[in-house]
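Right after this note come the structures.
Shared chain: subunit A. Partners: subunit B in the first complex, subunit C in the second.
Presenting the complex of A and B:
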């Protein structure tokens, strides 16, 4: 994470385009520029800047926006991050639910027509970019049927479309992994034994197969969390949702370095934390792994 | 004795250096992959011949005929500036595919070199090289790409750099783990015992054996890269107007979603079908080239 912070920091500093010049605009003069540089700490050696930056970030203090002085970034984060997280969590939760069910059905009925259709759907869902899915859903549900709002965030109806768009890709992934890993377990000897003992089929599928197939599925769900977070960049722009990803894109377009650094740092940390959570959950699902 | 003869003798027990299975047999067995390949060839042809076949330039505006549906003068209609949609789709294909092709070529070279070098070196060098890879993989793809083009400016070169940066770490990880596994195999040891130089071992024994992984992975990466490029252009930090790109066209069509849905549908269909085809082809290739992976 420290490495990521360094990379973000360096990228921000070597980038062309001087934020001081942008902020002063037409009133640029050398003395004012120097005053602002001093105020922002930009006149210190680069290593001092970095150490101070990391120390502050650890306290969740990202300083002020370069472009709009006075706008505290920690406040921006606090206002926008919960919304983004809520959307992501809802999307991953529904993806896990639907994906697991479809995957189990698909594996139980392996090679049936239903299974084949699901397989094709999975490839399609993984290939169609989320902004195309968004356009399609908006067109059908918001413009034609007028059942759901086009954009914005407010009552629960406004969550449906963004969450659905975010959920498409992870649902497909989870379906695929569930199916593959269920089929692998079903080929094991102990499943044949269970059948031989005369256990009821649902019991075998859920107790024996699903339990032993859980590891890769959990991994995928955890990874899906990370990727869905990134997907929110597009979705928040399309649906005009005041979440953190949109703040990040706006920051990038305006070269608001402190905002960019904060957004990238927060998202990368969340991404890494999600992966860490996956690693730790292994111990829970597989008693043979101990930390 | 030529060491390659020995290598082929030992390879009966060792990983069969994936002999290219006859291309025709591959396509005859797999109808879906054939369809995908045909579609891709078609797209490439359209992209190549765009300037000959289509009588309009992609940026020629005709403000008298804006937002027209398909008709004889403009087969796919016109957009809000009266630009020919067919021309824009075709030139968009050219830009998207060129960017993707260059990016994948660069990614294959960088990723394979890095992975092979790390796998061969072992020890501390390997550990540090892989830490760099871990660092880059820790970033979400799209975020990294937006960051690069957003900060350094959305020129075509920067877009390609951004795409390569997101793709090569994955490739090098795949190559490295395979090289590490192969390094200890008997046929490599045999070659070394015969006095083959490191360069020869890498060139004749290691690289040919990782090539099937590289081929399958890079096909799938083309589709991933096209998707990221489209997303970049969609957000506004990719291909810049008036140049066309499928992602950009979709973005520009959004305001007309209610009145002219086909304006968005056309680039969306091209983009989606291309990515679907690449994914189908990539997975079929992975299945066909990897002796350990059987179609389920």
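Presenting the complex of A and C:
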């Protein structure tokens, strides 16, 4: 975490661009700039700025935005993170449910016409950019059918389209990895034994095949969580959702150092937690794994 | 098994879609009229003194009160001041305040509040980049700006209803025009000093036509009409300003009936203009914005010769750019100042497009065939700049053989480099007005003392004309001097004017009284807007 903090701290300040110039806008004035730099502590040596930042962060004081005067970073995180997490969780849960189902179907009907059709769908889902998917869904469901809102977040209907867009790529990945993993396990001797013993097919598929194929699937779902959370900027812009990804990207574009640092720290922490959860789940799926 | 699962999934998804109901159009309580308008981004702050972005400025027009305001034709009208006298040879402005003006907490706005607000605007600790533009020339401004004192000696409380502002003899002219800037708004001192650093988020320090009811960050602003506004209650009860950065999303919201007004991006203008669905809804009006090419003589050595600069200017066919690149939506610029600015020479011819003259000038300068490649940085803020720059690059190559290398970079990097004035040999840039005044263009962009003189233009004769204009005894004299200065600046071709831009907006039929403005995002006054469904 400290390494990530140091890296992003230094990278932000080395990159060309000046938050004070952004804040002052077109009528940049040197005297005002000096006053703002002093207020933000940017007139101090960089190593002093870093030490002060780490010391404050240790007290969970992440300061204020450089671009939005008076706006506390902890408030920004409190207002944006739950929304992004909610969207991501819904998207990944939907992707896991649908992806697992399609992957199972695809594997038990391997090489059938249905399987081939699903494989084509997976490739399309992975190839089409999410803003194209978003535009199509908005056109059909919001503008033509008027069944769902164009943008904004509020009632549950407003979650449908952004969650659907976010879920497309992870669904495709999960479908593919489920199929591959299950096919690998289905070729094992103990599965043939299970068939030979006359066990019911659903029981073989869900209790024996899927459970033994779970590790790579769980890993993919864990990674999908991280990538969906950090990659939701386009969706947040198109659907006008005030989430953390949008705030983070805007922070980068405006050189809002404190926002960038906070977003990176939050995302790093969430990635670590997601990976930890995935690792711990291995013990559930494979009793031979012990920590 | 797999077929069963597939069937379950199809039913579930279909049911989900069919079960939802469309989002109802935003409506206030029964009988309340609500205007739903867009904003291109969240406001950085609601403190008008430090407003430097369009969202903050636009909110400032709703929330705050100025002494005077300017309409789209450049005419000054009273707002916080009911009348004013100009004496002392044009250097002393005495404002009689309108006692009906009240802050949103009910307190009457007095001269002391104006004095405190203007002092605060000038103080460097406030962090306003516009203080010089608005208050430059007021007696004592430099002392406040240098930190020697906190109070503008030239701003005086004569009595609770009379405010006097004195300008230095060499003070910048157009003072009334400058006071129409959103930066020059009055603030409720008690509210500002009693609250913490986020006082502006509560919106309680304003005295403007609307009161802030809610600010959901990155989502929307909600305003209610200030029934006690000094010039009368606005006609609409509530404004919901949706913060929508994406132009496509704004358009979709308008189509879905969730916005009453939206902008029409340049790329969509022709489609919308010919679409019968928008008949009667499309409004087009001029914007006080110029796009220009800056030829930086501080970086590119050939530009130190005025003949080279003139050659470049006369190799650019601005009429053709306006006609083809911008399909006639923008107009070719002959001068540096948009025609909406009071006193502008509407007959200015500027440096005409003349490729033969351009080649001749380049030959005379001795640089023909020897010019190094020219890097041209493009402002990434809007696609207009790149569109114009590509055409200009092609014209300079065809006519003068200059190899122009277009550079597009991220806005923060572009802005920082532009401010340094020593990085870009040339740049494609724009300038739009916070208030309509000759000085906002001439003084800020071209005076040698200005920190915004990005092209490093140095002309003692030009500076002298501007200094004379700023000490002129009458508006007529001032405007005459500025016209001369503009002619000189255009002839010196440090900044080459390309096009003046326009706005296109869609306004729903039930919205009446919307008046476009050449300033800001196309509107500055929503008090006259009505909703008639």
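To be clear about the criterion, the second predicted complex is superposed on the first by the 255 of 291 C-alpha atoms of A that agree within 3 Å, B and C clash if a C-alpha of one lies under 4 Å from a C-alpha of the other, contacts with A are read in each partner's own complex, and residues count from 1 in each chain.
The working rule: contacts are C-beta pairs under 8 Å (C-beta built on N, C-alpha and C of every residue); 3 or more make two chains touch, one makes a residue touch a chain.
Just so it is clear, the model here is predicted, and its values are computed rather than measured.
Participant: Is A:226 contacted by the first partner subunit B, the second partner subunit C, both or neither?
Facilitator: Once the two structures are laid over each other on A, A:226 reaches subunit B alone.
Participant: Scan A:160 for contacts with subunit B and subunit C and give back first, second, both or neither.
Facilitator: Touch status of A:160: second partner only.
Participant: A:82 in the overlay: touching subunit B, subunit C, both, or neither? Say first, second, both or neither.
Facilitator: Neither: A:82 stays clear of subunit B and subunit C.
Participant: For A:272 in the superposed arrangement: first (subunit B), second (subunit C), both or neither?
Facilitator: In the superposed model, A:272 contacts subunit B only, not subunit C.
Participant: Is subunit A touched at more residues by subunit B or by subunit C?
Facilitator: Between subunit B and subunit C, the winner on subunit A residue contacts is C.
Participant: Pick one for A:247: touches subunit B only (first), subunit C only (second), both, or neither.
Facilitator: second
Participant: Of the partners subunit B and subunit C, which touch A:104 in the superposed model: first, second, both, neither?
Facilitator: The answer is second: A:104 touches subunit C but not subunit B.
Participant: Please report the subunit A residues shared by its interface with subunit B and its interface with subunit C.
Facilitator: On subunit A, the residues that contact subunit B in one structure and subunit C in the other are 15-16, 135, 138, 143, 237-238, 253, 255.
Participant: Quick one: in the complex, what on subunit C touches subunit A?
Facilitator: 1-2, 5-6, 9, 16-17, 20-23, 42, 44-45, 47, 50, 52-53, 124-133, 145-146, 196-201, 216-219, 242-246, 248-249, 252-253, 255-256, 258, 410-413, 415-417, 419, 431, 434, 444, 451-452
Participant: Can you name the residues of subunit A that touch subunit B in the complex?
Facilitator: Interface residues on subunit A, with respect to subunit B: 1, 3-4, 7-8, 11-12, 15-16, 110, 123-124, 126-129, 131-132, 135-136, 138-139, 143, 180, 183, 226-227, 229-231, 233-234, 237-238, 248-249, 252-253, 255, 260, 264, 267-268, 271-272.
Participant: Under the stated contact criterion, what part of subunit A meets subunit C in this complex?
Facilitator: Touch list, subunit A to subunit C: 15-19, 21-36, 39, 64, 67-72, 76, 79-80, 98, 101, 104-105, 108-109, 114, 135, 138, 141-143, 146-153, 155, 157-158, 160, 201-202, 205, 237-240, 242, 246-247, 253-255.
Participant: Going by the contact rule at the top, pick out the subunit B residues touching subunit A in the complex.
Facilitator: 131, 135, 138-143, 146-148, 150-153, 223, 227, 230-231, 234-237, 247, 250-251, 254, 257-258, 261, 264, 268, 271-272, 275-276, 278-280, 283, 296
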